[in-house]
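The structure appears right after this line, and notes come after that.
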Amino acid sequence: MLLRAEDLGKRFGGVAALEAVDVAFERGAVHAVIGPNGAGKTTLLNVLSGIYRADSGKIFLDDQELTSRAPHEFAAAGVSRTFQNLQLFFNMTALENVMTGRWLHERCALASALLRLPALARAEHACREAAAALLDMVGLSRWADARADSLPYGALKRLEIARALAAEPRLLLLDEPAAGLNAAETREIDELIRRTAARGVAVVLVEHNMKLVMEVAQHVVVLDYGRKLAEGAPQVVSRDRRVIEAYLGAEACST
Amino acid sequence: MPPSASRKPVLILAALIAALPLALPNDYTYEVAILVGLNAIVCVGLNLLIGYAGQISLGHAGFVGLGAYGSAILAARYGWPAWLAMPASVAGVALLAWAIGRPILRLKGHALAMGTLGFGIIVSIVLATEDRFTGGPDGMAVPPLLVQGEKAWYWIVGAALVGAVWLAQNLIDSPRGRALRALHGSEVAAGALGIDAAAHKLSAFVISALFAATAGALSAHYAGFITPGKASFLHSVELVTMVVFGGMASTLGAVAGAAVLTTLPQLLTVFKEYEMVLLGAAMMLTMIFMPRGLVPTLEKALAAARRRPR
Amino acid sequence: MLEQYLLSGITTGAIYALVALGFAIIYNASHVINFAQGEFVMIGGMASAAFFEAGLPLPLAVVLAIGMATLVGVLIEKLAVEPARDAPVVTLIIITIGASILLRGLATLVWDKKIHRVPAFSGETPITIGSGAGSATLLPQVLWVLGVSAVAVALLAWFFRRTLTGKAILAVSHNRLAARLMGISVRRVLAVSFGLSAALGALAGVLIAPIAFTSWDVGVMLGLKGFAAAILGGMGSSAGAVAGGLALGLIEALGAGYLSSAYKDVFAFLIIIAALVFLPHGLLGRSAAERV
């Protein structure tokens, strides 16, 4: 197991967004976290990337404890993510967005930045190449020098994934990567997810698009009201009575 | 961006500074140019904090004043030579900025504005009150550098400004510059990419304080006299106005903003009692018609002119 | 002595509260920090001094002064803020800074650079409360300051809760687009907000002029303190503005009394900064968790 989280709990005021949640994610596998709205899926991702501090429980990435660390420390440990409400750097070009994603691999001391030491130019060149390759992989090469705020929505979703991949993560968290995308664009995301997992990255997606989840995920976790309701292979989970009840109500179980 | 592009701003500026004396008829105009240069040094640093890192400081004149008084006190009261007093003062201010930066930069938005504003006011009050060291509200005399005369100081300040722009531009073009812009774009996403927001905000804050203190120290030895007004809230606001007016989008923009808003009041003094009215009206009108600042508006106009069919 | 400090603290606190309310109302309607707020205070004091010196009876001078400031407030909104309504907030702030410089310049032209006096509303004979060690003397004007401020705050609360215009202002402050879709004229709301803030500022200026005198640049520090009070209380919260104003006044008075009057402002600002570091949204501000 690459990531193990035990007994995660998170409250906001009186509401328990997460309660006693245990999850484990494997290298090279695609996992999905599903559940009705308000189930705590995004909260779970936020806790697993350090944006929220869990009120209880522990998080281990490869036996390194990450509980209560700052977000940039989670990133340094190998966790990368995309956001439900796009958090791109709209004040930069698409290429610069992805180049920023390379931050953890581009050590840049203050002195060498201020004085423009020669090693920096070489490192920048390498960074630009790597970023351009990633843009190519997600099919955004022609927008490399365009300001991020001029890209269409589908392209923005792929840009955010490219930026997350630039960090060469071990664990990639995707928050509704297919939201707002049409069938063709969703297929591209599907491809991207498979290729990333094939390289050994543990991929976790929060999704409402059940077709995508069924096709790409090997392991599904179902949350409801902050608790883990069920987990297992997609076909098993989709037939689980409790899951159907949570999504569709008790009557649907008779179908 | 190709590596040579970032040398352009520095070269343009150096050329301008070298050529300007041809257009300066007398000592007074040199004085204004020096004043522009000193303000520009502060603005280039402040622009890193406001324009790139997306923070705010309404108290940066405090660093200018501390840099000035630090060097003045070391030179006048302890007999340090100016070339030693100035760097010592600047280093001291940078240390102070580092110490107060961490707690203050945890604040965001208006709270940060208030925190920095409070700092500036505290500094100006302390400078005016501790008259044993500072000479009080009437100020104190500063032993001048060996160099004297407007023309000599023009080249000193000019060189310092070119140096400041070179350092700032290097930082902006580097990965750390991207990290700063990332913080401005989305602090959450920057953190998720491994960028330690607090550390980068602090370094932008300290660098901008360093630039401000340098300008302060230079101005103290240039003028031979300083008053606590250097650290006043009004001066802090003037500096922010220069940066915003310049457009917050580029280093040269900050220099341009400093140039326009330093010379404007000088030009308006001929109107004597109408000076304030005209200055206020000018500020309002320019921001109404150039809401994004000078440089972006000029860039847009240039782009539009190029697109027009001939 | 403590009673004396507390009393003077609440008095200045009431003035700060009125100025801070002006900041809060404009900020709520437009997200702009109006750096010309202090100048409304100045206009209140200087105009009433000028009208009184011109021979008008004091009550009329005061009312005219407040009316004049209100007009100036609306003019600033129409001529300076409206045309720049799509500009970034920083630009709007610089515009208000320009307006404050313009107003100060106009003050020196229309009036002068001298310090002016306005007579107290009901005489100068000090009143003594209590006796012996626990006594405090106060000027009758202080009662005016406290009384009128309290009435003003109460009227404002009623205005926001019970009148349609007041509710419209609240609606715009919560969600501008939704308010427009409901048929609320944002332009009118902005104009009313600026006029109201100006009136509040002028009222503060009028109330404090008999005690602290008035001059062309009295607005700079008062505006600054009002701004500090508004942020201390929680920017955008009216109750916060009042709380922040009173708190600032008290902190200042206690600092002046027990430490030194030279450092009372240093003391006050240090406390504000410390308060903000522990309560980043101010005393009464709501902390909204950012949705990601």
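Letters A, B and C name the chains as they come in the text, with residue numbers starting at 1 for each one.
Simple rule for what comes next: a contact is a pair of C-beta atoms (placed from the backbone, for glycine too) under 8 Å apart; a residue touches a chain by one contact, two chains touch by 3 or more.
It should be emphasised that the depicted structure is a prediction, and the values quoted were computed from it without experimental measurement.
Colleague: What is the identifier of the chain with the smallest separation between its Cα mean and the overall Cα mean?
Modeller: B
Colleague: Need the most distant chain from chain C, centre defined as the mean of C-alpha atoms.
Modeller: A
Colleague: Report the inter-chain centroid distance for chain A and chain B in whole angstrom, where each centroid is the mean of the CA atoms.
Modeller: 41
Colleague: Based only on mean CA positions, could you tell me how far chain B sits from chain C in angstrom?
Modeller: Result: the chain centres lie 31 Å from each other.
Colleague: When the centre of a chain is set as the mean of its C-alpha atoms, what distance in Å lies between chain A and chain C?
Modeller: 48
Colleague: Could you check chain A for residues that touch two or more other chains and list them?
Modeller: 51, 83, 87
Colleague: Please set out, as single numbers or ranges, the residues of chain B touching at least two other chains.
Modeller: 188
Colleague: Mark out which residues of chain C touch at least two other chains, giving numbers and ranges.
Modeller: In chain C, 292 touch at least two other chains.
Colleague: Quick one: which bits of chain B touch chain C in the complex? Just the residue numbers, please.
Modeller: My answer: residues 103-104, 106-108, 110-111, 113-115, 117-119, 121-122, 125-126, 129, 188, 233-234, 237, 240-241, 244-245, 248, 273-284, 287-288, 291-293.
Colleague: Please output the residues of chain B touching chain A within their complex, sorted ascending.
Modeller: Residues in contact with chain A: 3, 167, 170-171, 173-179, 181-182, 184-186, 188-197, 203.
Colleague: Could you pull out which chain A residues touch chain B in their complex?
Modeller: Chain A reaches chain B through residues 49-51, 70-72, 74-76, 80-81, 83, 87-92, 96, 99-104, 106, 108, 110, 112-116, 120-121, 123-124, 127, 163-164, 167.
Colleague: Quick check on the complex: what are the chain C residues that touch chain B?
Modeller: 33, 35, 80, 83-84, 86-88, 90-91, 94-95, 97-106, 108-109, 220, 224, 227-228, 231-232, 235, 262-263, 265-266, 269-270, 272-273, 276-277, 280-282, 290, 292
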